[in-house]
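Please go over the structures that come below.
Below, subunit A partners subunit B and then partners subunit C, in two separate complexes.
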Partner chain A sequence: MHNHTPQPGQERFVAPAIDTELPTAVDVDTSHPPESQWKQAWKSLRSNWIFWFSAILLLLVLVVVCFPTLFTSVDPRSADLSNSLGKPQPGHIFGFDRQGYDVFARTIHGARASVIIGLLTTLIVTIVGLLTGAIAGFFGGWVDTIISRAADIFFAIPLLLAAIVGLSALNNVWPNRGYWGGVSAVVIALAVFGWPQITRIARGAVMEIKNLEFVDAARSLGASKWRNLFTHIIPNALPPVIVTATVSLGVYIVAEATLSFLGIGLPPSVVSWGNDIAAAQPQVRSGDNLHVLFFPAGALAMTVLSFMLLGDAVRDALDPKARK
Partner chain B sequence: MTQPLLEVSDLHIDFSVDKRSVNAVRGLNMTIYPGQTVAIVGESGSGKSTTAHAIIDLLPGTGKVTQGSIRYEGTDLVKLPARKRRGYRGSHIGLVPQDPLSNLNPLYKVGAQIREVLEVNNVAKGKAADARVVELLEEAGLPDAKRRAQQYPHEFSGGMRQRALIAAGLAARPKLLIADEPTSALDVTVQKQILDHLDDLTSELGVAVLLITHDLGLAAERADHLVVMYKGEVVESGPALAILQDPQHPYSKRLINAAPSLQSERVSAQERTAIRRAAQEHVSEETEVDVETPAMQIQSLTKVFKLPGKGFSKTDLIAAQQVSFDLARGTTTALVGESGSGKSTVARMVLGLETPTEGHVYFDGVDISTITSRDQQLKFRRRIQPVFQNPYASLDPMFSIYEAIEEPLVVHQVGSKTEREERVRTLLDQVSLPHTVMNRYPNELSGGQRQRVAIARALALNPEVLVLDEAVSALDVLVQDQILQLLNDLQVELGLSYLFITHDLAVVRQIADDVLVMQGGRVVEQADANSIFNNPQEPYTQKLLAAIPGRDIPLAG
Partner chain C sequence: MWRYIVRRLLQTIPVILGATLLIYALVFLQPGDPIVALFGEKPVSEAARAQLEAQYNLDKPFIVQWLLFLKGALVGDFGTSYSGQPVSDLIARSLPVTFQLAFMAMIIEAILGVVAGFYAGLRRGHIFDSTMLVVSLVVIAIPIFVLGFALQLIFGVQLQWVPPTVGSATTFTNLLLPAVVLGLVSFAYVLRLTRTSVIENLTADHVRTARAHGVPDGVVNRRHVLRNSLIPVVTFLGADLGALMAGAVVTEGIFNINGIGNLAYQAILRGENPTVVSVVTIMVLIYVVASLLVDLLYAALDPRIRYA
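After this line comes the complex of A and B, so read on.
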């Protein structure tokens, strides 16, 4: 504590009181409507052009999946060998493949298998992963040990390799599966080895959130464990899970195409991009008639890209900290 | 006549947020003379740290000086090109940053990090630098400096890290040292040691210090000249003692009135007695219980945590040992201690969130460990409720304010939907929040408002006891004062008993009747508040009291 006459520049200064408004404890900013975290995320998503770009593309893909006949009336399964490897022409804008199938019709109809497999696998993986991860993270101890080690075991096996082995084994016991049989076999194979990714994310998020004070507050007011888990912890753990799930949707679509390309995914009778890319193999080697390969591969790439971009946009909206 | 070392005039700093620019600092004037200590005081968001960062050219992100000048020994730093300006950092103007945990690189030895300062500023190289590092660490008050220099930051305690940062800040012998909240993260006793040492060191070296702090008591105790900032503007500046004894601006007046460290001497014991009497009257009038029987009896509580030790063995951590006290109805018992003293562990055991290793917690004569049925447990939960420290973590961000306050009523199935809504409105009135907050979310409220919501939620079930775990520690002084006022009012109105956990002895005077001072899991002193403040028996209590900043400043009025 010192007290002496102030030096130049350090004289007593008092701002006019009218300049500043003093705070009151209870002023609430009512200039904008209330915003939940989900609403804020939507607001940030809405202002992101990447979101709109991918959303419009995906909407288009979804319409194609639901109503393929809006776009083509040609039967993707009717082949005329005389059209084999025909060039694009009016009425058949993508041309014909080796078997004489209309490539445009097959590209349109092939969307369904890819998108359904992507969506179904992601749905199953998310539900299973969220529940196992939440339970492991919340209860800890031996429950956590069992779930985490099981997840590690499945996680250690590369997804594609595991799916290849699984599907080959399935081919022996369940040959001619048909359309839905084929689709569910691929979904099961991918889901069985895909869930640990979500489990890990959900477990981590839950472990972090369960130590926050609002969980203790809820416990102190008598909320049961399960109420705590389902009303407080899981909703707060959702954002990272949703982000991972959106991005992995694209990954599963690629995985399906790869499996079909290798001949062990969907049966050849199912119209799918993977099968068509596989059928176009000779064209890749010869280098002629690349249109047979280009259109199914392009459709696949566009769909996957849209899902990945959507995942990026969703991550930016839900987790602003992760933004670059 | 000495020339000023630093002259800041009409400084404006803008940040651009979402393409809009926000004025963080408007028209700041400040002069620092060589060897002087000047303090900028303000609450969070007042622009005090932004000013400091502008002086040392470390404005984060989009921050930019838009107007005004910062003259260091006559040279305007704002106009200098970045390359030249860098030359001032470290060698002319040093910085002791706020958070000792994040400001040392965990991958390098402490000595190497101070050496870096010497090398970058061409003060010393090679062997000479190593020797200088040890000298500097010794100078900063670090015992056994030679060995310490070879250690990594994680081997240092918070106080030691802060000393290392002071050594780094002074390494190149700057003429001005900016200390940005240098001790806010430390316990009070450590804070005092470090500031005392910093005082000695800087006056010995003739270094001017610009102290950035939210603590008015601390600023007044350490500084010659005070600058009080509020919302980016200087509201008052001048000689420290003059401002403190005779504040002119309404904001400084409020700040000085609210500062617990300055006020604790003045809040009369009578006022506290009146609150206590009113609360106890309320209890005996409104309820059938006898005021004389304590609401809670805590008997020799002990908590031992098992920590993984070497190999497969476990070591014991005794978090609390033989803690006993009675919580009388309508009164406040404060549990005071520094970090690691076990105060929060005791609070968690009292709340039934943690099972004691030994000892008992009796609520109304019933041992809470014997409550097993869900029904009885719910009954116990209704009667004792917590309010936690961090207003940003104690409300579920996904729940609206209405849902948050309604939750206890839902869990306990109280009333119909409309009755619950009515109750939420009453509770909001009790904590003086407008009903318009009901459909808002926690992230839209200020810290103080959130803490009010947390209090409303705790009151929803008409509890008899509130456990306030550092409930005002994270708040700015003015808000803290308002919340303490609210707690006192609610105690009278509802006859509540409080268990008040805090590290801040200054606050205790404003709210507590009985005080337990804890250290290392043990209660070292236990008495009524007046005896603790006026006649502390234990050396540790005396040390804690002496560490309250600004305690000895004579106030006018």
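After this line comes the complex of A and C, so read on.
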């Protein structure tokens, strides 16, 4: 224990460095560089059971999307009317719908259209939104004005209504477009009106980051504007964008189902959860035959839920304040 | 403050012009002849065609059509639908219904969402918090038309507490279930948003200071935590009004309500282009006005924000 009386020449007692818990500069471990935010995020993600729960579910969905025949050998497009609205039974565990399609086979094969639309739309929206938002936030001035007003214009029309109008326009110029045509049309309609959401978030993040010290440091070391933008600013603006993108992936899957429910999304020939839910609706009016509606709707809800949970887990991992 | 309002109003002009032009192009630059569609199987005489084209401005270039539409819209004249009714009449008949529905949905989602989010945030990790998080995720994950349909089946068909469909009797009690369905998804977002910002504000310096001064917990939570947490919620609610109007397309379809969502949907299916552009223009206007109001509300909620 030290003597707490002030030493000569000292106004008041100052504890020697060795008594304080503050580490001195000498003690800082410099043998390896500090961990990147991605590595730290991964560490915190690894210990989160919600992440593993949603990741495993999504992995399962992905396998179903890529290899549906691993799970069922029944053709989702072969119907036998004598099975119409049959209850679940051995061999056909989800039963049959009104047309006599096997609901299990339809649910398995329906994953592909829904998930691909969600993934593709999110990919396009994220790339376009990130680039436009980063450029607007970084350069400011008239570039920012033009991009922001353009984003405002597309954002001002409600997404669902805009997608309906867009798809009905596409129906006229591009009728009978088959499976991939049908999928691309929905992706186009959703992406054209979906990008401003990401643009706004990316722009905000970039405007915050571009004035930080490490960007100044890079600039004073001679990094060009574009190099600074792509190697220093955009990577650091990614976390909020990734979180929004993960959550909106689920939103786009729901949007596809809603559009198909309204009869304007995917053509009826495409096996998809949205189409099956829409077709099931009239069969369940009286409260019977719930299995026709329950399984495609349940599969869709589980998938969307997994993306939402993944988004939550990623946000917690990427936000240092939320991390323990 | 006034300078800010003027600047903000000026900013909305290109948005309104751009959005209407965009939707106008999508609707009117399609192949297909609306006049042939109007006549169906019957042959169209030259005179009738010329007269109709003049009536609907179809003989003029696209940009002129759009400008004439804007000119009419400025004084509340949205032209005539292909079936011969003034579009303003159609809108005047359906807009109040949707307004009532969206207003009820917004009240429901705002009150329930803020209250549930506030208590969930205060008791982070407790059973109420976990339950609310799960409920909100499930509500977001299940498509609204499935949820709406399930509630219609339970309360309308099985329990018969409310009529399953509304039709023309748009009373408060009849619209209650559709309003709940319409507001459900946004309720989940409001809840999560409130919860997150309550958690953030609980550790803020001014909250700790207030507690250190001996202010009772309840007062601190209400006056310092809740009030600050409302700022992002208000932003969301403002932007959400537009989403609610669009969401009405689905909800009004399920419950058979003759609102603007149904009007828009039927018009799109039938190729009633004048009605489509008019309804979308109305929705854009509502969105723009709502976000303007939100920006002005900020100043009232957050004394740090002052507009120069």
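Assume the second predicted complex is superposed on the first by the 290 of 324 C-alpha atoms of A that agree within 3 Å, B and C clash if a C-alpha of one lies under 4 Å from a C-alpha of the other, contacts with A are read in each partner's own complex, and residues count from 1 in each chain.
Methods note: a residue touches a chain if its C-beta (ideal position, glycine included) is under 8 Å from a C-beta of that chain, and two chains touch if they have at least 3 such contacts.
Given the structure is predicted, the values throughout are model-derived calculations rather than measurements.
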| item | value |
| --- | --- |
| Partner chain in contact with A:A169 - subunit B first, subunit C second, else both or neither | second |
| Touched partner set for A:E213, first subunit B, second subunit C, both or neither | first |
| First (subunit B), second (subunit C), both or neither touched by A:T258 | second |
| First (subunit B), second (subunit C), both or neither touched by A:L300 | second |
| Touching partner for A:L161 - first (subunit B), second (subunit C), both, neither | second |
| Overlapping contact positions on subunit A, where the subunit C interface meets the subunit B interface | none |
| Of subunit B, residues touching subunit A in the complex | 2, 4, 7, 29-31, 33, 220-221, 224-225, 230-231, 233-243, 248-251, 254, 351-353, 374, 377-378, 381-382, 384-386, 388-390, 393-400, 407-408, 411-412, 432-434, 436-437, 439-441, 443-445, 448-449, 452, 454, 457-458, 460-461, 478-479, 482, 553 |
| Touching residues (chain side subunit A, partner subunit C) in the complex | 149-150, 152-154, 156-162, 164-166, 168-169, 172-173, 250-251, 254, 257-258, 261-264, 274, 277, 281, 284-287, 293, 297, 300-302, 304-305, 308-309, 321 |
| Residues of subunit A that touch subunit B when the two form their complex | 1-4, 6-15, 17, 19-20, 22-23, 25-26, 28-30, 34-37, 40, 212-214, 216-224, 227, 232, 235-236 |
| Subunit A partner contacts - residues on subunit C that touch it in the complex | 11, 14-16, 18-19, 22-23, 26-27, 30-32, 137-138, 140-146, 149, 153, 157-158, 200, 242-243, 245-247, 249-250, 253, 264-265, 268-269, 276, 280, 283-284, 287-288 |
